[in-house]
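Here is the structure we will look at.
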Amino acid sequence: MAGFVKNSWYVAGWSKDFDETLTPLEITGQRLVVFRTSAGDIRALEDRCPHRLLPLSKGKRIGDTIQCGYHGMTFDSDGRCVRVPGQDNTPKSAYVERFPAYDRNGIVWIWMGDPDLADSSAIFDMPEFNDLNWHAHQGAALHIKANYLNVTENLVDPAHVSFVHPTTLGSAASEDVPVHVSTAGDVISAWRWIRDAAPVGFFQKFGGFSGHVDRWHYYHLHMPSTAVIDFGSIDVAQDCAEDDRDAGVRIFALHFVTPVREDYTIDHWMHLRNTSLGDAEASAQMDAMFKVAFAEDKAILEAVHDAEQHPQRRKPIRIAIDKAPNVYRKRIRDLIAEEATEDLGDPTHSSFINHD
Amino acid sequence: MAGFVKNSWYVAGWSKDFDETLTPLEITGQRLVVFRTSAGDIRALEDRCPHRLLPLSKGKRIGDTIQCGYHGMTFDSDGRCVRVPGQDNTPKSAYVERFPAYDRNGIVWIWMGDPDLADSSAIFDMPEFNDLNWHAHQGAALHIKANYLNVTENLVDPAHVSFVHPTTLGSAASEDVPVHVSTAGDVISAWRWIRDAAPVGFFQKFGGFSGHVDRWHYYHLHMPSTAVIDFGSIDVAQDCAEDDRDAGVRIFALHFVTPVREDYTIDHWMHLRNTSLGDAEASAQMDAMFKVAFAEDKAILEAVHDAEQHPQRRKPIRIAIDKAPNVYRKRIRDLIAEEATEDLGDPTHSSFINHD
Amino acid sequence: MAGFVKNSWYVAGWSKDFDETLTPLEITGQRLVVFRTSAGDIRALEDRCPHRLLPLSKGKRIGDTIQCGYHGMTFDSDGRCVRVPGQDNTPKSAYVERFPAYDRNGIVWIWMGDPDLADSSAIFDMPEFNDLNWHAHQGAALHIKANYLNVTENLVDPAHVSFVHPTTLGSAASEDVPVHVSTAGDVISAWRWIRDAAPVGFFQKFGGFSGHVDRWHYYHLHMPSTAVIDFGSIDVAQDCAEDDRDAGVRIFALHFVTPVREDYTIDHWMHLRNTSLGDAEASAQMDAMFKVAFAEDKAILEAVHDAEQHPQRRKPIRIAIDKAPNVYRKRIRDLIAEEATEDLGDPTHSSFINHD
């Protein structure tokens, strides 16, 4: 059981997924009911009536309040109890936790940790979301029966592409090309260029390249779980400098990894591109190719997760290409350990209590 | 794990459910084989051959004996071994436990505890079963994936009716009407009258009421798990006294809650009524309404059970309407603790032994 | 958890089941990838890349090597790593275990223990495999959700036949006929003759007997898990001596019991016969009868396994007919204890390590 980083913004879904309906979901093992107020604001509350534990998502909206479906205890959109049928007062302990939640760039983000530390300005963003030279397209949500560590690690691991995605994103030409790794603040980056090779499937289709290209893969992992994969191709004749990638066909594949439970993870993926702006057909074709590739990842990741549940006689080994995944895992362990230490000093976040 | 009260009569099913067939079932975690002898007597034996543990319910009847389906070890209807193929003697330990069992009012009851304490005169009964002014009708068996504590608690909880059964048994008119609670011997009662209100769905259909009625709900829980719900309606003009309920349309909904395992419970439900005597069509219509209502309970109870399996950071809170459930839970805890203390003094009921 | 005997040859399947395809299977809790080399030799390797644990069976063949499907680490058919993409050297710990494996008499055998102790001359054999007076026919693989101890015990237990297989292999005539038990080396034998009785279903069909026969059942269990059941019938008039069984219609039913996990076992069964040589139709009819009988065993064994998972208040009892099963269970316990003692002296087989 690895545990989770709690003090972080996680993606609950696309903004278009939520309306006034009481939608249940789970992030880092915490069950939430997510809905919009009549004013359209997104809200995330603990999905558990404090009385008999019925999920509030099984209750009903009465204006902007939620009435529990069992005994009618009612909560406002801040989680405060406003009615306890059968009595006049509302006990101090009759509340549900509220988790800070925001829409940003068409995406709903929820803060799973200490609300006092939630800073909405720290929600992931990048200038291309609001740049007319770029087209943003939301893909889908990939559900994976695997721990999030494996899912996220895979997104800072360019080396797997040659073997897992040979028909779409990779090819044998890249198998032994070295991977560079660097870190800057909360971003871990791993990248490589494959120079002067035939275009891979994706860029044969979307780049219109006939001859050899220079191809790049930059994996930027924003801790703890947002991956920005900058990949693209450019005619080899242009002799593209590393920092001049906008001159080529350039894609940002974004993955928002949401740990649901220790054994279940959702990856909301989308892309930004500097080509085929406004072309819905191109978007659909790219989604189709991404779906092929991500189904390949899912198969691998679920098999690895299953294997990890089996008793191990020998520790797994680490090899040269694991540099970025190793940095990622160490960072996660440090963040979780840090939060555990902080919780020790905070009596309201102490250990779990079993009721009976 | 709450455990079970063992020294109690539990309902195995309707008398009509059992014949000479070897029927497997489970009560309080004990697997039983239930059948009738050729004389029609109901018998309940441990469903486990003492040799290789095959359930006897997978064997076959030979007269009034049961032959195990694996090696032919044979037991009479008292659980005594009468044959061990391949040898002449029958070892002293070659027996299966017999559990006292009786038919009463068309219902099969089994005593799950110390046979020496079984008193068949203590089996639940009420005079209306044998009163020509009353009609008894057996409903069905509701299977619920939840602990029996939640199922039974729900049956001494009038407050949930307004919110869980708004179209059948309750209405908003009762939401804030106070609940009275009293105890007498092994019966916990919770009740309330809703005076001068429109009839609820059930009595619109069966009472033929057009104007306002006085409506009552009396929940009598006979420990540990039989609920008698006395509910009815009467024209408000009659100004009905609390003890004069027979003057109205009166129903006794009976629930016999059988704990199967910690996470599985069966509720055999039926009703007695002082109206539409002998009217099979009315019985069928009432069953249909009860099925709507009890499916609502099942959905709530299974969701609560599921939520209880989740780790809890805060204890559930208790509110004013929980008075009768609180009394019930304390009583159950006391009964289980009492039996545990008795078992300590009885070497034949000591701790569980694992074989291997 | 009984554990497994590791230093033993177990059956992986029929020789015809394996080709160059990477076939995953599990024996004694060890996941294996089994395949043939281009030369046709059978190989069994640990089905776990030492890097990220992906089963190698999800990778691909490149000549006689296997390339992992995640990062392309490649292993030869001895389990040695021959390539780590992204680096020049191959770490010492980059290997997968190889398990000795052989074809014998159309059957694939794998040694699950210390390779230094594997002796291919000890693989089960019997002269009738290569005797022109005998016909060998491979049946099928019976999958049973039960511990292998129960499955194997059942194959040295003639007493169950009368009760579990009354229409095929047994009849009431044998219910009380005593069972003889003897041991010789690693073989436990239990047998009995049923003299002067009507032929059972099987020999009515294949023996062409009309009058009474002498019938024998010899169960030879070759430790730890190969059963040879020598059964047959002969006209009672011939007054057959015990050692003259070839004069009758004689069948060797072979069962190769493969423990997969503690709760899952596969029984590969086949037969040898001294009648209807080369008659495919007779083979098919015998298979059909065996399938009826073995489905009866499976139902019993799965019910027993399920019952064993239930808490037990009393230990199972043992009776006279259990003599051979008791010897078998003691032998298995002794073998497992012996291997555990040996492992203590061998640091490479110490305890399991959990990675994380």
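Should a chain be cited, it is by its letter among A, B and C, assigned in written order, with residues numbered from 1 in that chain.
Here, a residue touches a chain if its C-beta (ideal position, glycine included) is under 8 Å from a C-beta of that chain, and two chains touch if they have at least 3 such contacts.
Given the structure is predicted, the values throughout are model-derived calculations rather than measurements.
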Same or different contact residues where chain B meets its copy chain A, judged by the half mark: different
Chain B on chain C, rotation in degrees - Cα superposition, rounded to nearest 5: 120
Rounded Å distance between chain A and chain B, as computed from the means of their C-alpha atoms: 48
For chain C, residues contacting two or more additional chains: none
Residues of chain B touching chain A in the complex: 2, 159-160, 162-164, 175-176, 178-179, 299-300, 303-304, 307-308, 310-322
Chain A residues within the chain B interface of the complex: 29, 31, 48, 50-55, 58, 67-73, 84-87, 91, 93-94, 352-356
